[in-house]
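Look for subunit A in each of the two complexes below; its partner is subunit B in the first and subunit C in the second.
For the complex of A and B:
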């Protein structure tokens, strides 16, 4: 079997400043990958009042909440640099941008800590607990 | 949004949204090569899961996907249809080494690690032998013999049980210090989750931690550990007990067969019992709510999707 097909290298480069992205998680399946005029038609219509963000998207009212990553964690957008021409080659991805928080949007209802996205933010903490080595 | 329509297959996936531990993509030690995502044998399921080695294979991380239907990303001026969120979190490599050590123990011989940890289907598993935490802690699960300059190891069930028990107890004390609720707090509607100490017993913590650790070990080991922790079986509801005696909350057999070893199944769905007493309702929350929500959405299937 081609063992290399199981490996994806993360090219870190020597590390100059990486672009910071503005990231939104939307409560719908958008059947598109690629360019979109987010800054023209979405971001300007976001209204922020106290802790609640609202926006109208395709005629639906969305309610949003800023989500900050757990401490010691960073949001990354990984992009494939180039598709391998054969399965003997490693796949290579690079960090195309980073983000330190993102906006999570719900349809109609305001986001709460019971939302699964919010709960998933507790996962790193749990994982660290179980990773910790035990004393002799 | 309510109609279930079939999503057309994702044609090409060349972009992923990830939340990663900063140590995973540490940029120091440039000479050691780059971090790599790799498929290794999941110790709980025996199937492939996605992991990550940091530079020089010094540390191991697991990759879990948070998936919800009908979600897509806006990233600056682009749409990414795939709404998954990947988590890269540190992991104890010993969990992944255990199945190899166990299967090498059949003949009860001491063997060099290089002979124990090999896998035709997952040749990358040998890289775990470079992980600092693996080599430093191997004595917790195996006996060691040194002959000349060579080390030989043999799996020890007894040591492993003690090690796993310590893992569970560590997790329990970390849980107690954290604001992660193992009980009713999950139902809070406020944004900040408040831990509700009342009603949460030591046993609830133990069960919760045992459930978490069981995601990293085989079902057999999970059962052995359950015994080793002396956790009462919750799946034996016909316990003879004087009706007058007030039972401890967690002995109540709501949903017999509810068992933390099931967490690895992707379609783990729980239906609430039809009628519950107030105590049972509380228990339903205490025992399981938090656990369900943490594990069921990390579907093991999708872990394999980055190839």
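For the complex of A and C:
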């Protein structure tokens, strides 16, 4: 029995058309799915001193660090073109923008290499090594 | 009053000060402490100290300084100029606590309340005067809280200095009046010419007094509420006025240290994956699940075959 019979189609825009976006990963749940005034409220208030980024969100202090994707990987922001009306229909999503790095924010403490997000970036490299043929 | 140092980064706390008069390093001095802008939901809270030789108290009195609250803005400006002219024997220093500092301190994981914040600002300023070589013998403090405890705390912190903490000290001791004028002038300037870091275009500066019960302040808070970000950093998010408006008009935001109903928190935790945006009903009958290695569980990594 197939786990899922329908397919998700990802429409890639042509490379030059897709715009790059600035991505921030915040340490909270925002009950909002849609556009936000990031460029008006957030980006201008980010301060950078001695390699430490600081900002505040809803009155809480955040400390951040730039995270670059593992080599060979690109971040995609996908948007559903049309919601399927049933389980049987294929889904179509399109790439609305791409990103090569993002800012990872922690509440009050600076991000460290022990943080889950930072640690998970090691997986692609590890996976590659595991799959590589063993030389004698 | 030149606020450029503060305006260069008004998201943090900033100290401004006059030169220290030479006579304050050689003669016994008195020092007054007062604050401005404790109550408002908008703008910074300013702590001020003013100091002069004990022997010059009469000269200070002759400047006709009075409690800043009983004076008009123009009178305060005028008195501040007079204090500046008296720089041969009067010195001052200010600690400007930005609204962002107030918000992030009061909303910290380990709460840092306004009283502690105030006391630390006052202590920091007295220490600054001592570090500058001011021969402090008497300190007069205005307070809204319990005077005895605060007096004891300051006396212990600064042995050898006679500390007097009094409600309404700003109308009892000229040196405290002088401190209150410095603080109030700085607060007024900072609020009037607030440099919004946010990119909001031309901001309506008709925000009234900044006190929560001022109708102008209320309508300003409604006008500049953003459903996601809440407010510009000019607003003290930790004030109940701001919180109440956000609770009713902005989208809810949850933090891992929120105090909330355990069940609700658990329900949300199950739903935090980015993939939840694409989630569909999970296929049934997938009974023989293999235990995932903790390398993956620790990183919340999971293998997916559909979006």
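Convention: the second predicted complex is superposed on the first by the 120 of 136 C-alpha atoms of A that agree within 3 Å, B and C clash if a C-alpha of one lies under 4 Å from a C-alpha of the other, contacts with A are read in each partner's own complex, and residues count from 1 in each chain.
Keep in mind that, in the parts below, contacts are C-beta pairs under 8 Å (C-beta built on N, C-alpha and C of every residue); 3 or more make two chains touch, one makes a residue touch a chain.
These numbers were taken from a predicted model, which means no experiment stands behind them.
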Touched partner set for A:59, first subunit B, second subunit C, both or neither: second
First, second, both or neither for A:73, with subunit B first and subunit C second: first
Contacts of A:124 with subunit B and subunit C, given as first, second, both or neither: first
Per-residue contact with subunit A, leading partner among subunit C and subunit B: B
Touching partner for A:28 - first (subunit B), second (subunit C), both, neither: both
Subunit B versus subunit C as contact partner of A:37, first or second or both or neither: both
Which of subunit B and subunit C A:97 touches, first, second, both or neither: first
First, second, both or neither for A:51, with subunit B first and subunit C second: first
Touching both subunit B and subunit C, residues of subunit A: 1, 3, 8, 27-33, 36-37, 39, 42, 78, 80, 91, 93, 107, 116, 119-120, 123
Residues on subunit A engaged by subunit C in the complex (per definition of touch): 1, 3-4, 8, 27-33, 36-37, 39-45, 47, 56-61, 78, 80, 87, 91, 93, 107-108, 116, 119-120, 123
Subunit A residues touching subunit B - in the complex, by the definition given at the top: 1, 3, 5-12, 14-15, 21-39, 42, 51, 65, 69-70, 72-80, 83, 90-91, 93, 95-97, 107, 112-114, 116-117, 119-120, 122-135
Residues of subunit B that touch subunit A when the two form their complex: 1, 7-8, 11-12, 14-23, 25, 27, 30, 34-39, 48, 52, 55, 62, 64, 66, 68-83, 85, 87, 89-92, 120-124, 133, 136-137, 140, 163, 166-167, 170-171, 174-175, 178, 180, 186-193, 212-213, 216, 293-294, 297-298, 306-307
Complex contact set, residues of subunit C against subunit A: 9, 11, 100, 103-104, 107-109, 197-200, 226-230, 232-233, 236-238, 242, 246, 251-257, 268, 272, 277-278, 280-281, 283, 285-286, 295, 298-301, 305-307
